[in-house]
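Should a chain be cited, it is by its letter among A, B, C and D, assigned in written order, with residues numbered from 1 in that chain.
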Amino acid sequence: MPRALLVGLALAGAGAVPLVANNYVLSVLISLAMFTGLAYAWNIISGYTGYLSFGQVTFFGVGAYTAAVLIIKLHVAWPLAALAGGLLAALLSLPLGWIMLRLRGPYFAIGMLGLSRIAERIAFAWEPVTDGGRGLYLPPVLDLRAVYWAVVLVAAALVGITSLLDNSRFGLRLLAIREDEGGADNLGINTTLAKLQAFVLSAFFPGVLGGIYAWHVSYVDPVTAFATQIDLTAIVAVLLGGAGTVWGPLIGGVTLSVLAEVLWARFPFIHTALFGALVIVTVLFLPKGLADAFRQRGWLAPGRAFLRRLAARPAPLEAAPE
Amino acid sequence: MLHVEGLEKRFGGLRAVDGATFRLQPGVITALIGPNGSGKTTTFDLITGNVRPNAGVVRFEGRDITGLSPWQVARLGLGRTFQLPRLFGEMTVLENMTAAVREGTLREVVHRALKLLDFVGLTAHADAPASSLSYGQRKLTELARVLMLRPRLVLLDEPFAGVNPTLARAIADRLLALQRQGTTFLVIDHDMPLVMGLAETVLVMDMGSVIAAGAPKDVRDDPRVREAYFGTARP
Amino acid sequence: MRKRWYALVAVAALAALAAGTLSPASGQNPIVVGASISQTGRLAVTATYVLQAYQLWVDDVNAKGGLLGRPVTLKVYDDKSDPGTGAKLYEKLIVDDKVDLVAGPYSTPVSAAASTVNEKYKKVMVAPMAAGDALWKRGYRYLIQTLTPSSLYYIGVVDLALERGLKTIAFMSEDSEALRVATPAVADLAQKKGLKVVHNEYFPRGTTDFSAMLTRIKALGADVLVCGCYEPESVLSVRQSKELDYSPRLLFAGHGAAVPEFYKALGKDAEFVLASDHWDSRMKTPGNAEFVERFKKKYGREPNYHAAGTYGGMQAFEAGVRKAGSLDQDKIRQALGELDLATIFGRYKVSETGGQIGKTSIIVQWQGGKKEILWPGGTATAKAMLPAPPWAERR
Amino acid sequence: MLWEPVLWGQLLIHGVMLAGLYGLLALGLNLVFGVMRVINFAHGELVMLGAFLTFWGYTALGLHPLVALPFSAAVLFGVGWALQRLLMERVLGGQPMAALLVTFGLSLIIINVGLLVFGADIRSIPVVSGSLRVAGFVVPKARGLAFLTAVALTVATVAFLRWTAFGRAIRATAQHPEVAITCGVDVRRTRLVTFGLGAALGAAAGSLIMLILPMDPQSGSLLILKAFAVIIVGGLGSVAGSLLGALVLGIAEVFGSFFIATVFGEVMAYVLLLLVLLVRPAGLLGIAER
């Protein structure tokens, strides 16, 4: 009960922000929520399933372009257009995932990076639809509140889905694949299917967020829609916070933006290097992320509690198995 | 139960498995023995779909399962363990047990997992990460985990290797208990006395094919087996 | 300890309150001009010219006694060459910093994103470096263009080619907003006047190897090569043409060929190459020579068109504010719409939408290490040296 | 007009000349992978560093790039050695992804350092220009020079691996690390030298590339993908495969740019990379291993 109350309060609080905040604060929060959402989406395929992707931005870009084209050419309402962006990204992720997920480890990571670069080039070359390097212009956004609510809704949905995932047999299957794909296969887990499901989830949400992004900045071009920087931020947020955990992406995302505001804003010229250093330091000294460190200090409850809760109920034990 | 015929696998020029043929009877523990490199583990891999054969047929309960994926084979009721236990290290023992189970409500699954953990004496470790277990405990966990799938046939790759004698005895007792309930086992191992005491039938592999099959005593006295093991046929 | 901490906060809060309420009353409160400039990222190098021109303009205005009797100051943030960041910063400039006037960023994409924010708050933005006609087809009102409209970038080339009886023309252009407008405009005009377009291809920004494309254009035997490109590609297109022994009779290498770095990079190979330019220090526009002098003195380098265009844009902005006589944005917008002005950059005159219609490009050629103006005819400083000799016949 | 044999021959020459550079570019990456089973994501940045050192030698000290090249290769050898000693040794043998991520972080740092030290401008070393006519074909002098030097360095490296004791130690470590240890190979030292050598070869490749194509501090990421494509097309760990992969990539890029569009010439590397990964993951000449 208090748990539901807490969630309700958090949502109400987040939803009420636009009533007091000005547009600058809102636009900062929009990008925070956007990157947190992207981090959560990345966490499903890379954190839980262990398939490190350097190219999920492909789906962000697809979503951005889909939404932009729908809004400009068919005058679709933007929330619907963003949703359609997510759906197309998810649809596209089926064949792409089926192919790419045959690759493992670094091959998958690099294959995805290559895929995102190809996607960028297609956006350049497919001029009748994308207007090439000229980019697409959308009508201006006069009210940031709706954008804010949309992004926060998506981010909250991702937290919710991750929480469900963390406490589900599906989540366990993904973790099993991460830990030992061959072993999981031999236990009857259809790894191809499970990976593909995770991949589609990790494509749908970036697609939606890409659509909202297009509307928010009211301009889409190949370089910004498929920027590696977008993936980079999500990756660093997840690694820092803790991959394969419910709260890791949020902790990482918030930490990262706090760092960005208080520290890096003063050193804009070494921004990228600080990012790189953060990756190395995290891998070397904090391989399980901040979430794990928080857990060890008792600030955060351990994840995947559902089995433990069930196991804790007294049950009559019989001597022999069924 | 299981019917293997003319199974063949080449790696480059090497014939790892070369026309292996055998049958398993239901409800029986069969041992698969043979010198190192005779193709025992590869035979397991061919049966469970981890490796595709170049020729030959595998039938499980009358059904042709040649070329199926490992997960399809597993879902038909044919489970296996590995020489080096392959647990999901970052997951707890209980999570390892439940991850692959599809039937039943979660509560039933957890209940069954706890019973099986009790059966192998690991109840106290249910919430421990698998990576924290000792080698023997991992072997037991892997055995319990494959039993969660309610397999009718289990292929065990060296379940006693690297396990202390007391624990080995305990594992053997569990296997016998399960056999009494109708589970069929095919066991690779080198611990001769233990295997001979456990198995009703013994298959001997050498150079990729099955060279002898029968009751333990008969097989032990077979000159071909002696030659395979010791290089010469002793009188 | 704890109490003292509270006291400190209270004092600070009071001070802030006092500063907030008192300072507007004091007449010397400056007019703040806000802008974001790409100080880092891929656009940073060129963007420094824009920033320096802004600073020079502020100095000059203050030396003249300020604007509307108040001194002018500049508030600048770094948009990291990223449109999203740019939009955020304009939001901050207008909402948080409450700047009085808004000046544009460098580059079209950032201007596009920023203009959306300004439109929302009805803040006039003079965007000196925004090109691309699409920006003024969105029904916006508060965005003012001062740069040459991209459809008029290269059209002079067609006349120059026809004068020498050349027959075929090939295009290779960077895939960008401005050049996607500029290139078809020339291609259409060329076709209409009887030049045959044999190749027309766009390449993404960052492309460095044009050898396959140039081999193709060479095989197609184009007399005229128009490279719609900026600094690195302008040099590369010429260098690689030479490497492949492709000698177009007229080689035009875009705006990028008009900068001094172009000649420095290519040396003698730059001879005979044509370029388009928004501006030239020898142009006889009012105050141009003085501007060049002051810029050189302050920054120790020659101003380029980015600097001159920015400065000229701010001259127009300044004239608009003076004409309006207040900081009321709608009055300023109206004044800017009515002005027809000669700035150091050239003529300033905008259409209904705020898009530039007064400014044209000039076409120059490198002759003996110097740029000579060829087109339009009235401002020419030398005769065109065309057709260019083949590479093999040059020393 | 576009289907004449002379033209095709011309394009083939362009492709082969690019291939020579790509082969050298990939050699260092492949060597490191062979010995350490780590894909060095920062290889492209090491290439860029080497190129800019040569550029610096050319502009600040007036050295001919071919004279500056050995120095920048030597410096990069030291850089590679140090990175292996200070960073890579900590992650080798652990989680395979940890090594990839560490090199990824490293690449970001080097890019940033490059931007700070060298600026964001695109630079090139145009010491040679113009072209030669060989049997009716045009051979750009700079490309020819870069190609010949790259081939010479590649041949020298292959000879080093084949015929010197240390080269044999490297190959032994690549093939069977355990066996190499029992045969008295100092595996740790071999790895240090290999990482250094990989970086030095990258520096040489970068310097030569800068003779014909300009670079900026962010060019490394494009180069690494080309190098990946080369070694994956040819087969990881196979030197002969690398050369074949380079040939395939060079020719595919030139023909793709010519007949389709330059936009796609540039992505040919990724297209080939994906195709080969999917159809024949071991590469054209590689040993099956994933």
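Assorted remarks:
The rule we apply is simple: contacts are C-beta pairs under 8 Å (C-beta built on N, C-alpha and C of every residue); 3 or more make two chains touch, one makes a residue touch a chain.
The shown structure was predicted, so the numbers you read here are calculated from the model rather than taken from an experiment.
Located most centrally within the structure is A, per distance between chain CA means and the overall CA mean.
The chain pair A-D and the chain pair A-C differ in C-beta contact count, and the higher one is A-D.
The chain with its C-alpha centre at the largest distance from the centre of subunit A is B. One inter-chain figure worth recording: subunit A and subunit D are separated by 33 Å, centre to centre, where each centre is the mean of the chain's CA atoms. In whole angstrom, the spacing between the mean C-alpha positions of subunit A and subunit C is 38. The centroid of the Cα atoms in subunit C and the matching centroid in subunit D are 38 Å apart.
Work out the mean CA point of subunit B and of subunit C, and you get 74 Å between them.
Taken residue by residue, subunit C touches two or more other chains at 175, 202, 204, whereas all remaining positions touch fewer. Across the assembly, subunit B contributes no residue that touches 2 or more other chains. Residue positions of subunit D touching 2 or more other chains: 261, 263, 266.
Shown here, the protein chains touch in an arrangement that is not a line, ring, star or fully connected set.
In this structure, the chains touch in the following pairs: A-B, A-C, A-D, C-D.
Remark: subunit A residues 169, 172-173, 175-176, 178-180, 182-191, 304, 306-308, 310-311, 315, 317-322 touch subunit B in the complex.
Subunit B makes touch with subunit A in their complex at residues 48, 50, 69-71, 74-75, 79-80, 82, 86-92, 94-96, 98-102, 106-107, 110-116, 118-119, 123, 126-127, 145-147, 149-150, 177-178, 181. Here subunit C touches subunit D in the complex through residues 41-42, 44-45, 175, 201-204, 206-213, 215-216, 219-221, 231-232, 236, 239, 242-245, 265, 269, 391, going by the rule given at the top. The touching residues of subunit A, counted against subunit D in their complex, run 50, 52, 99, 102-107, 109-111, 113-115, 117-118, 121, 124-125, 228, 232, 239, 269-273, 275-280, 283-284, 287. Interface residues of subunit D, counted against subunit C in their complex, comprise 1-2, 4, 7, 10-11, 14, 119-122, 124, 126, 129-131, 133, 138, 140-143, 213-215, 218, 222, 253-258, 261-263, 265-266.
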